[in-house]
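Next come two complexes, and both contain chain A; in the first it sits with chain B, in the second with chain C.
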Partner chain A sequence: MQTEFPHNQSAHCESGVAANLLSHRGIPLSEAMAFGMGGGLFFGYLPFIRINQLPLVTYRSAAGSILKRLARAPGVRLHQRTFRSQQQAMEALDQALARSIPVGLQTGVYWLPYFPRALRFHFNAHNLVVFAKEGDDYLISDPVFPQPVRCPAADLARARFASGALAPRGKMYYLEQVPESLEPAPLIRAGIGSVCRMMLKSPLPLIGVKGIDFLARRLASWPRRLGRERADLHLGHVVRMQEEIGTGGGGFRFMYAAFLQESAALLAEPGLEAAASALTAVGDRWRSFAVMAARICKDRPQAEDSYPAMAAIIHDCGARERQVYQELSAWLRSAPCR
Partner chain B sequence: MPMEPLERELLELICTTCNLREVEIDRLEGDIPLIGPDSPLGTDSLDALEIAVTVQQHYGVRMDSENNSRVVLQSLASLAAYIREQGGAKP
Partner chain C sequence: MNQDSSSPDEDIAQGVTTVSYVADACGRQQLTPGSFWQPVEVVNRQAWLVIEQQVARSKAQVAAGRRSRLHYYMTANQMNPGLLARYTGQPRWRVLLHLCPFFFQRMAAQTITRYAQLFQISPEELMSGLLKPAIPSRQDNSHHAD
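Take a look at the complex of A and B:
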């Protein structure tokens, strides 16, 4: 069961898998473009949802939403299903591979043995593509690795049925149908429109630019409310969600800026180029916060480092992002549909 | 593998940035892992973030999603090679 598959390393698994699956079907797409067309950028601070006893902070849209949005493109049909039994799930995978179909899977990182032990953590929405089987091993294009990897069947089955938050329940998906080519302009516009709506118009104060301001206010009060030790724990968690977990840095802001830049060139739209530069500057600002936070967590603060100073930077990020999305919204209204 | 001047300069910068006072620079080689449990520096992902930003400030070389910091920060040698490749220079 061998299938040629174009493996490209990426920062973020879902965008990387989406780009690789489409590229395999003759529609070359960069990771950044998949992320942007999929409306991947977001912000949410949801303190009532706890991950490892720490509040949920997310810089991207819900797991699975990028693939779902791309699957809505004209001419694209994505087959997707979950399973109750491991045996059925693995049989369905083998049947698809026997038809030379590369299959996307949702998995739990903790159970994938090819991840270095230090990098395994309980995250159940990791996407990868299985493209072949050799003996009892599956050949996998895991987008966060530089080369394809191997995984024994028993381990893959366990990873597909990891329990806990976002349990994959054996979820598998593959492209059933794709058009000869994708018309990029409508998909770019739809992706940008979705991000602008979520970031500017959410009625919830925890979502979008309002959520960024909410995080800033809460963060300023952490040392008083939680005590220094727990405040630093919360802070380290925010930084990790922003700078690690496949965000590409700056809480996905650099990746979205790359999408805007690529779109600007593709559509010859200088307005998008300006938005890309502004968003890169926002990403740098988020990083300034993260570096200050890292120094505080590591107990080596500089004179200017403090919780109020970090809150001020986050408020500034929110204000700058609001400006970027307002300009993108204006571009959507003014630029002709093509 | 003996250290080249840029690698030594980077190591000194990293030690200052991350407040690594007990590192014996002269005993280390250019191909040491920079981050993680195998690194003799004892640095983790939060240190990696500071290193990436410090390198950007000192050499004008950006590490982001396009320039995969995981690969660049594998070792002192790979970081030095990346800075040379990007034409990075001290301000």
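Take a look at the complex of A and C:
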């Protein structure tokens, strides 16, 4: 059984796992690149889905979609399965480890004992890589942690069979086959194309740039509709989804900017560099919303802090993002396909 | 985010260094180790205050005999009747019944074991004695591999 795995700490679990698994197989890939090629950027405000009685706000694409897109790259084959029984799931994991295959797992954060207590909520789409077993403990490369961690088998089994929204049902995956090297240009184009489509062309008003505007309108009406206390809770929830662990800051916008910068250098495309700077500015704008929101949640508002002021910032974020995606779409149309 | 605005506060990550993307002086986004950004601490604290209030209310209701001890364990572990039902493989209405002290006292031994296993306590601890804290509060964080 092997005990070496290239553990690189990353900001987001799914793209981090994808990057680490590919790097392990000799295809060095940064987290930001995996995030961008996997089309990870998104926005959705889905008030009919409730998390702890608060509306779902998401700044990233659905859990598992980054891996799914990367697995579609030519020459890559990802083995993936879910289980009915805990025993079968753990046996399959042990068998893969015995063959020296590092295995990616989807887990529920609440049941992982090594997680900081303050971050243990019932969130079931956390990805990690198990790369070895020592006695009754598994050695885990959890991409959001600086070093590999240890987890007892019983706790890991619980985490793999967490219930509730996005229940993992023991989901495990590993790379069965990888090409000699990945041709980056088509993957970058496909990733950018999918993000532009989702953000600009969604028919639903809750998704993409339209969703950002929708959130802004809703947010302005929260104090009137929900009362001050509930409105503050809703507000805090939005900021948590935007900034808490796994986002890389600014609701994944900084991470995507990193991807655009890396792609610009790789493909020698100055257009992407400009889009990256614009997106960094959007991320900073999202952060100024978060700062104002935090002051309101803390009950220490400054004179200019108010719900309408925050709604105006979010509208501004939406308008700027629309421009960025329009520029990226134009780049996709104009740049020659290699 | 610019480098100079990060905060040294290390409260919610309990000493674990996380990384995030920070633009350097030339505007290049770099994966930079650091702790949580201060507004995140504020909203994380806000979320925990709500949970703590719910747990305190539940404790008072259990002490007054209006809710069963199961209600406390459910609330302390951030669950609701629907989630608890899915974890224990029962219909939701049965869980709702078990939240009343009357039905709680009359649960089958098998049901008691199932709840106790989920909350990682003994059946006796579920049925009587001091209420134990939520699972994360009972576990420590010394699980680093090296």
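Just a few scattered comments:
Heads up, the rule we're going with is that the second predicted complex is superposed on the first by the 336 of 338 C-alpha atoms of A that agree within 3 Å, B and C clash if a C-alpha of one lies under 4 Å from a C-alpha of the other, contacts with A are read in each partner's own complex, and residues count from 1 in each chain.
Going forward, a contact is a pair of C-beta atoms (placed from the backbone, for glycine too) under 8 Å apart; a residue touches a chain by one contact, two chains touch by 3 or more.
Please read these numbers as outputs of a predicted model, since none were measured by experiment.
Superposition note: with chain A as the common reference, chain B and chain C are in steric clash. Of the two partner chains placed by superposition, only chain C is touched by A:110; chain B is not. In the superposed model, A:334 makes contact with neither chain B nor chain C. In the superposition on chain A, A:239 contacts both chain B and chain C. Between chain B and chain C, more residues of chain A are touched by C. When the two complexes are superposed via chain A, 7-15 is the only one of 7-15, 79-87 or 97-105 in chain C with C-alpha atoms clashing against chain B. Of the residues of chain A, those at positions 9, 11, 31-32, 116, 118, 146, 236, 239-240, 243-244, 247-250, 254-255, 258, 283, 287, 290-291, 294, 297-298 touch chain B in one of the two structures and chain C in the other. Residue ranges of chain A in contact with chain C, taken from their complex: 9-11, 31-32, 52, 110-111, 113-122, 139-140, 144-151, 163-164, 167, 232-233, 236-237, 239-240, 243-245, 247-250, 254-255, 257-258, 261, 276-277, 280, 283-284, 287, 290-291, 293-294, 297-298. By the touch criterion stated above, chain C contacts chain A in their complex at residues 1-2, 11-14, 16-23, 27-31, 33, 36-40, 42-44, 46-48, 50, 77-79, 83, 86-87, 135-137, 139-141, 143-146.
Within the complex formed with chain A, the chain B residues making contact are 18-19, 36-37, 45-47, 49-50, 52-53, 63-66, 68-69, 71. Touching chain B in their complex are the following residues of chain A: 9, 11-12, 31-32, 116, 118, 146, 236, 239-240, 243-244, 247-250, 254-255, 258, 283, 287-288, 290-291, 294-295, 297-298, 300.
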